[in-house]
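Next up: some structures, all given as structure tokens.
Here chain A shows up in two complexes: once beside chain B, once beside chain C.
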Partner chain A sequence: MSMAVTQTPKKSSRVLRYIGFVAMPLLVVVWSLIDLSLGKELVEWIPYLASGFSMNILITICAVTLGTTAGVVLGLMQLAPFWFVRLPAQIYVQIFRNAPALVLIFATTYIFPFEIVMFGNYLPFPDWVKAVIGLAILSSAYIAEITRGAVLSIPTTQWEATKGLGFSRLQALRFVILPQCVRRSLPPWMNVASSMAMGTSLASLVGVHELMHAATDASTAVRRLDFTIIAYVVVMAAFFTLCYPIARLTRRLEQRFNAG
Partner chain B sequence: MQDMNLTGLFIDLMSRLGLNYEFLATGYEAQVWRDGFITTLYLVAITIPVSLVFGLIFAACLTSGRLWLSAPVRGFVELTRNTPTLVQLMFSFLVLNTVVSNMVGGAQNNPLSPFFWVVAVVGLHVAALHAEAIRGGIEAVPSSMIEAARGMGFSQFEILRYVQIPLAFRSSLPAIVNGLISLVKSTTVGNAIAVSEITYASIMVWTQRDNVVEMMIVLLAFFSLINFVVARIGQWVERRLAIPGYGL
Partner chain C sequence: MMTASPATDAAIVKLEDVHLSFGQTQVLKGIDLTINKGDAVSIIGPSGSGKSTILRCINALVTPQSGKITVAGTRVDQLTKESERIQLRKRVGIVFQQYNLFPHLTVLDNIVLAPTRILGADKTATVKLARELLEKVRLSEKADAYPGQLSGGQQQRVAIARALAMKPELVLFDEVTSALDPETVGEVLWVIRDLIRDGMTSILVTHEMRFAEEISDTVVFTENGRIVDHGSPQQIFHSTENPRIRQFVGGLSGGGRGAVRDGEGI
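What follows is the complex of A and B.
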């Protein structure tokens, strides 16, 4: 009986979940079709907004790649048997895990110079690279914790077994422990990736040309309240259609791993 | 007088380490900066209860089993979880605030301040995180316990109030504390709409003094401290509420 009770809301909510993938873009399309003058204005601005969003995606990919690389190394350093390896990693993770993303983006933007002198050449150091570094620092601290948690979640008997088979500590890590960690840390890693994608909008506050910035530009140029509304709805729709599928997939993976 | 000497000593000590905290000796900048700390703490202190209350309401709606209650809340939760807080804040401030202003007839009559919008947006954003955690806790309450309560004549609301929420709150407390920590960090978005919290105040100081590194050290230490306190209070509550033999 309780099965029947839990089954009914599941089915209808599944329909709602699929609607979630297309709801926001659909709203934008329907609204611009109803009010054609607004739609025409929006179509003109879409390429500009899209160029902004491509910057968001670029920052996300770079920050997550950098953050993952650094984070895995830091996570393993936290588990090292030597205190002079362990301690710096622990301090780094503790400080930056508690730092707001915005503060880190401001820090990297204002601390780094706007150009670097390299062999007598002036190389520009663009703002978006600084935002990448800021977000990478944050994600590396999160991913270090995820890596550490994943390694610790592997039963100690497996370490003992590898020792019995004559593996060194690093070999055991490389061939036995880490492959299992990849599977376990995938859902939380995807959470971090999607929150980094959302964090890229903060870069607009330091003047990076990204989607938020583009929307603000567009709404100040057009000066219509309904266009302002639809411009921000487009921003939300873009982030939502990027992050919602990731969130769904994460939940799906979590359920499957818990069952398996 | 004693206080001035201490400040002077601190500035002197720090400048020997190569750190520039000279603005502390000035009246105005130091005042703005101190107010920034207070505004942030005030923001956090108000937003935490808001997020908890709405988190409970959302979770109750999500688990009510009535589609007209759960579907809108589910939609809201998914929307807030999957869009950036900054975008939500700008949308609320630029769109909803303008609509409210038009309704009451001009911006000068609008009672809603930027501070209100930060509390509302960040509070509801984190409430969505809480709602998911508490919902998980409510669903984890064994069905035999609910049947027993129903057998004793509890109504649906009484079951929620006396059985499900007390147990769900305990099991979801670690997730709630994580949510509160992200709340503390999210309050910094307020500087996008000129709420003079600590990040905003620090920017004011470093544009004048060019001492970004020094301000960053203080900022990071401050946020680490608040989060440490929040996490400690969470642990304390968890220990206080622990029922022997139930949960972890």
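What follows is the complex of A and C.
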């Protein structure tokens, strides 16, 4: 907890914030003012890009929520005393942890039907939901490993203490082991969450209307090189504003847990 | 085969010819031990003689290969289900060498957690009990502190309070002062002394010879997985005929705690 340790990340985060929240938007604004025809095009397309970006946020939230829930369960299953619980979880994690996100998104897109027939009603099964499932599978495999590692990192003396007090295995997990795991697994969880947020751009390749898709639409419609460049700078800035707060939030949570 | 009959009621713990081995290593080679309700029993002996393992047999943390263990009317060696062992452990408190407090909970929550979650005790009553216990171990002002903010001696006193909050029928102390620095040993021994005066059945594995001599009703000397001798502190520490015990006790109790460390080094 020396000054040097606490100051370095502060300084670098200030620089990061400067680049992300100031430099990129500034570039967009200055360039638009120098060439007003470019600025006009950009203003026209911003709502379209924004509608795409809301899809990225939606997919991220859904995929990370689903993936975290499933991942924690799978991680605990990997540590179960019974092989018939342990083995399926281990197989699932090993297969999907080593699969590229794009492959999973393609797979879910083509494996699931475009609609589901339920009691004679046709329910649509939109592409974005399939992208959510693809990313959720990937993140659940990562989070399963994070959970497993966190549980194993708790000293065995903690288990012994719970045993001595008459806790069952599940009670020990719930009241003593898992609460201690939360803090330990926050930093790696943050990595998964932000790589999922960035991975949402891959959904453009299976036709989901998200930010990358919207930017590509816009640049083909406008057909100007400078507009294409500035559109993708906007995309970068948008992803920064999505991923950077995740990192900040996690760091703040970590500090709170450390203080506690 | 038999539950406790009124005639054997005084015995709260009874071990009969207990054998236990971990793999190829024989740890207990026929332990016979009877402990009466309200007694304080110290188990002493060289490291690796099976002292801690005896404690772990009593609250079913380990199961011996053969022999009978009866604890408060329960035949511990016959328990086959984990749920039955859990029932037993709720009635037998244990305090470990490394305190093992839960680092994410405050001192008060450490004490309250097990009674409320495991026994289903009323929360308000348990908090009241926890505060009383903290007063007993003289740590009332630390109720809202986290274990990491306490010294080893303070943590160990919280661990004792945590065990007592389960209202156990007996408490096992497994070398509870061995990990402490000499200055804080005294405060932990104080608490245990109080507890024994209040009539709590206590079984201590300890290297604190003077303390064992002072508070024990019975002292048990173990070596190589066997009980070499047992008797009153007077017998074991001062009038034993056994040369091995004389050597062990003499070498240890000579010059207080500093000598304990040096003696073991030689």
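Just so it is clear, the second predicted complex is superposed on the first by the 223 of 260 C-alpha atoms of A that agree within 3 Å, B and C clash if a C-alpha of one lies under 4 Å from a C-alpha of the other, contacts with A are read in each partner's own complex, and residues count from 1 in each chain.
In this section, a residue touches a chain if its C-beta (ideal position, glycine included) is under 8 Å from a C-beta of that chain, and two chains touch if they have at least 3 such contacts.
The structure presented is a predicted model; accordingly, all values stated were derived computationally and were not measured.
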item: Clash-or-fit label for the pair chain B, chain C on chain A; value: fit
item: Touching partner for A:Ser185 - first (chain B), second (chain C), both, neither; value: neither
item: Chain B versus chain C as contact partner of A:Ile95, first or second or both or neither; value: first
item: Touched partner set for A:Gln158, first chain B, second chain C, both or neither; value: second
item: Chain B versus chain C as contact partner of A:Thr60, first or second or both or neither; value: neither
item: First (chain B), second (chain C), both or neither touched by A:Val235; value: first
item: Chain B versus chain C as contact partner of A:Ser32, first or second or both or neither; value: neither
item: More chain A residues in contact - chain B or chain C; value: B
item: Touching partner for A:Thr147 - first (chain B), second (chain C), both, neither; value: neither
item: Minimal inter-chain CA distance - chain C and chain B, angstrom; value: 26
item: Where chain A meets both chain C and chain B, residue numbers; value: none
item: Contact set on chain A toward chain C in their complex; value: 157-158, 160-161, 163-169, 171, 175-176, 179-180, 183, 260
item: Touch list for chain C against partner chain A, complex; value: 59, 61, 82-83, 86-87, 89-90, 93-94, 96, 98, 100-104, 113-114, 117-119, 146, 162-163, 166
item: Partner chain B, residues of chain A touching it in the complex; value: 2, 5, 9, 12-13, 16, 20, 23, 94-96, 98-103, 106-107, 110-111, 194, 198-202, 204-205, 212, 216, 219, 225, 228-229, 232-233, 235-236, 239-240, 243-244, 247
item: Contacting residues of chain B [partner chain A, same complex]; value: 65, 67, 70-71, 74-75, 78-79, 81-88, 90-91, 94-95, 98, 143, 181, 184-189, 191-192, 199, 203, 206, 212-213, 216, 219-220, 223-224, 227-228
